[in-house]
């Protein structure tokens, strides 16, 4: 499954990067969203996969095999921060568009200052 | 509805007494409690509870059956290559008046035979539905009005509406 | 008890359903069609979670189903909100 | 992190770790604006309000640089021959491109923004050398650059407020009209160029000592050349904004800045001088930090020693 | 959106969702849930309400400024850290007390719960701030 | 006390503007008392130093870097310190007259005093790094002083040039000093000078020597760095007199002398120092002849004298060093005086052009007297100090053979000629018509040159005042061994005396024909100016900077992103390829078919997000991918993650949907080939990431700490959900930071949406857009 | 017993889910797809939840499972309603085989108010400005 997921991650990255390279800012936002999926999945996979057991200690007896909690905590943080970033980027693009009336990144450079 | 609460309390007591909070035991407790209340209906005073609850149960049962039938019809249509449906968008006059009633009715309509609630007119007197098998629009209207609306209203409006239909 | 066999059949059906829903998501043709597909996918995920809980015997996943059931609805409402507000503008997309 | 280090040090094949290290380098490198990933910086730093960019200048890239220092002194130390050489090369290129970018600018804030990049190069140099002394230099540098850069951005803000522009070609005569401001500019500017006895000098001196003891003359030479170019571009600001006679049209006669505006700048400018004059204690702090960074064992001991 | 069906449903669902979020928060320490998820669910409740009615109405219904929720959340999280500090432990060291309520059994109260509450409030505030602001556009 | 003497200068610099506002141009007399007092103090240290025991002081500064503030006053230091403080006093007084009424006089005083203190620091420092600190301070202060007339563009350019050259040299000096310290094992000069053997056998010696020499040569205006000095004549004359003849330019010479015990002895030293010195000496002398501007003339002649000093130090014999020390003193006295005289002349006549001046002796008798004394000393005529120093120079030169002596004699003949042009012709030559009627300069301006000229005479007549007490021990310090110097006016009939006579004759001859030679000489020496190299360098630098910046900062964000991605892919692929980092995961678990289905779903959704032409379709696809990812979390034991992912996914979709009301539809803005290129790049990046994940799978990042968390969760954190325990307890600070980030982003969103739309018209104002003007 | 019941419910649920998905793919217009997704999928999930409840036999789980079912029964139709209504506004075409449309012409395009069936039909805007909107 690790192999499969590796390819999934590669696919997500490729899609995200392709979208990031578009000139339309809206596509860039989509790319950003995909990128965070890819990154989270990357950490998740690289840290090792454990089927089934959630990292919850059943009262009294610790389970024998449980998923590694630390990367999970890490990814949880990453997901939520990704949300904040996406929201911010979205609104930024929104403001830029309402100010400049273009969604073409290449045309935004004149307003660089 | 205070009887309903009482009934639940009784069920909980039963479960506590028997020492098992399993669903089955609770259900049993509820049933026994209902019986107990039935027995004690006089001291407690007359309410619509004892007629509403069975009616409610009957309604739920009816609804589930309708729903399964509806699904089977959809399934049949999905699984066979030819379309059998005769869709229409229909206006169904409403008797239900309160927000909750209309909402409930609309939801139930959506979940059951071949009809899907689209909207309610702004004056809340007409329900527009999309019906899948509506060769005869009047039949659909009647099904909704007779099958659902009446039963629903009987429950929500309790005793005073009981003799009305 | 053949729970393992049953759940794997159920999983298969659900995944098949997922992919079918995705077909609708990809084909459209209109935005509401896609939304229906997405909504269905969420519902399927709820089912998936329930099945998963049964398959692994871990009850805690049922809560997940609850969260998801709520959330799927929200997405649909938001999309509908957009479609209605935007009028026919989606067609210009 | 301590545990991470244990794990990475013992079991893993170094190749993958190195690849991971490179990705970390790129990720934090974007944040820290190192070559060739610094594009976002000059374009963005001069966009917001000057107070904001002053804060950003002091802090933001330093966060990236700090992360880099943390990760590359603690975790990714298996293949230093490759990773840290790469960091050194990047350090050199970052310094050079940053300072050349600054030299080309005529907008004061853009110019200062580019200097942020070149200063990051110095930080990287400290990291790339990876000796206690060089890390101390990097730590000291973070401290120094934060102060000096913020002061400079604030000065540019005051100039904008009083003279109405950031464009060096349209500025002038400020030495005469605001001699106090001139001093407030000169101190951090010269500090940035690494002239003694200001804070920047000691950072530079540390890095040079470290570089020479690590037998890396090339990066030392580059660092020195870049500091000359830094001086050059700072003097450019000085010449254009302060010494050059003011603009011909007297309509834009620069006003004087209010004391309230000058005070924070004055404090920061004085701080660069004080850090320089009192460099002893600051440097021994930095030295201790550098020693700890260079010897992760201490860190592991502190974390794991107290945790379980 | 003017569908009163949706509005009615939203009114019905809101308390439900809110309860559920509290539930998730309360047992987050022992089973999946916790401040993040609970805050998101509570946020979702308000988002639903904002979508079903409009942002202004939701804002009125919320009664407090979403931004101040963020502030309170951060404050709560900080306070939980400071408690440990005051008692002479490192910042954010968890402190627990055991409450024995007759009839209800033992409860454990600790600063991590306060911290989690801070997370909850912050996430709720963030979600509502962003969505309300966007919906008002 | 020594430390206080240095600090006093800086302190005086701070109060100088205040004092000047109070006393105006008379402030010079008051401010001049400080350097004068310092001079007396240093003079009082002479006997002790001549006895071999230097006065020292020490403060700790930055011990971690081997930098302690240690000062040491031996004879060599005292010789310099006396010059600095003594001439400093005169210059301060002089400046009051010269710049009477100038609004920035106070600032000038401040900077001059600061410079003086820095210079004292240089010569008194006993620590290489402290020396460097003060060395750079002199560069900065001299920069400000040269640019004193900063309204003048030439002055600004000259100041920049001087700073770049001297500070650039300083930047060479710094690593040189560090290397030297490393080679000698100490940064303390007095200890270092005892380590000559160790240093010279060190592999660091070569680079250290080269770098130190570059530093010294730039400061002392040695060829090929000499060009900044004549340009620095844009400074006010007192500054030129002080910095550019008596003190700062001698810092390089001082450094050479100071370090010669440690560095001298080998052929490298002799040839580089001696060779450069000789070249500078000749070139400076010859170029001086080509000048007409009095100050430039003096500047070139100073270059020449500095070359001679360098040459002598390069020779390094006891006699040569003795000669160097006496010459150092003599030159400071006469050249300082001549500069001040030139300033007085300019002040009174309004010009510095030698050909326009003549017959001023009648109008300015005191100035003329001072000029005469200085001129005679410079020409090397008895009974002045210049004569004694010249004789010593010749004698030491003869030790190395007559060709060297003759070369020096030629240079000194140039010097004789220059002294005539500056000190003789303007005063006693044929009177010329002048625009302004000259008067005698004010006493503040005649006092200095007269005193300096007088001292030349006094020391010439009574060389016993300096030989055994000052010059001798100074030479001993430079030599690192005792010398017995006995100076006298009359040496007897020696070859040196003959050569002196020849020099004089030749010099006078040149003076007669100078007008004929000037232009031709000027043209002939032009290629040696090396200033054009500097100018070309500046131009090239600006061009390179602009070109590079345009290349790297195109302003197209997409291009930046492309570069970032390219860098990542290239670096990642490279590191994966090298040392066989790539390998298939060892612990690959066979995938369940429904897991495969989920994987397929994610990939399909990603593909759809890319290919769809409907933006909300893309959002929906992104949501589908998110659901898939959440299912993966679910399957692999992360219910918290799955839950959060589901929630966030839906909220994100809602945000997009809400914002898309106001956003434009997808547009296809790129060409097919652009898209193909991007796609290739994206696929490469994806492949790289795949390879990375494949290799990294099973790299257990946290194996030793997770079990700890698992065990501690219930006991320490009172929690059974370990993920939550980690979030709110073990790594609470991270979470705190995280919610802060969230809060900031939310407030950012709020601010962005609620802030007033100022630039709604969309056109950035030209003010705010510097790029529009640079045409980029 | 419970296990077998649970298995049966699961299979039924899965079947309905599959049918829902098939319906969403196969049905010719949006509204019929909504039928499929609302009815079949909700029922399918309900079955699966019941199966889970049967499997665990604990009050807490049962309550939650039932909560999910109730929740879905409450929300799915509302979702379908808002979507269908919105779709109608954006003039998603009905299937050619649709026999009649009572709703047609009763929406007020600007206020989104909906009149009863007795109100006169308003000529549809799209018949006028079909091409102008683009």
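Here the chain labels run A, B, C, D, E, F and G in written order, and each chain numbers its own residues starting at 1.
Going forward, a residue touches a chain if its C-beta (ideal position, glycine included) is under 8 Å from a C-beta of that chain, and two chains touch if they have at least 3 such contacts.
The structure presented is a predicted model; accordingly, all values stated were derived computationally and were not measured.
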item: Labels of chains that are neighbours to chain F and to chain G; value: C, E
item: Separation of chain E from chain D in steps, with touching chains one step apart; value: 2
item: Maximum centroid distance from chain E, chain identifier (CA atoms); value: F
item: E-G against A-E, pair bridged by the larger set of C-beta contacts; value: E-G
item: Furthest chain, CA centroid comparison against chain G; value: F
item: For chain D paired with chain F, centre-to-centre distance based on mean C-alpha positions, whole Å; value: 18
item: Centre-to-centre distance between chain F and chain B (centres being mean Cα positions), rounded to whole Å; value: 89
item: Separation of chain B from chain C, taking each centre as the mean of its C-alpha atoms, in whole Å; value: 26
item: Junction residues of chain A, two or more chains touched; value: 52-54, 56, 76, 80, 84, 87, 91, 94, 112-113
item: Touching two or more other chains - residue numbers and ranges from chain G; value: 15, 22, 34, 42, 58, 71, 74-76, 78, 81-82, 85, 112-113
item: Shared interface positions of chain E, touching two or more other chains; value: 1-3, 5-6, 9, 12-13, 30-33, 36-37, 41, 44, 47, 51, 123, 126, 130, 133-134, 137
item: In the complex, chain F residues that touch chain C; value: 592-594, 597-598, 600-601, 604-605, 608, 612-617, 620-621, 623-624, 627, 630-631, 634-635, 639, 642-643, 646-647, 649-651, 653-654, 657-658, 660-661, 665-666
item: Complex contacts: residues of chain F adjacent to chain E; value: 639-640, 643-644, 647-648, 650-651, 654-655, 658-659, 661-662, 716-721, 723-725, 727-729, 732-733, 735-736, 739-740, 742-743, 745-747, 749-750, 753-754
item: Chain E-touching residues of chain A, taken from the complex the two chains share; value: 54, 56, 76, 80, 84, 87, 91, 94
item: Residues of chain B touching chain E in the complex; value: 99-100, 102-103, 106-107, 117, 119-120, 122, 124
item: Residues of chain F that touch chain D when the two form their complex; value: 60-65, 67, 107, 129, 132-133, 136-137, 139-140, 143, 147, 150-151, 153, 156, 160, 163-164, 167-168, 171-172, 174-175, 178-179, 182, 207, 541-542, 544-546, 548-550, 552-553, 555, 557, 560, 563-564, 567-568, 571-572, 575-576, 578-583, 692, 695-696, 699-705, 708, 712, 767, 770, 773-774
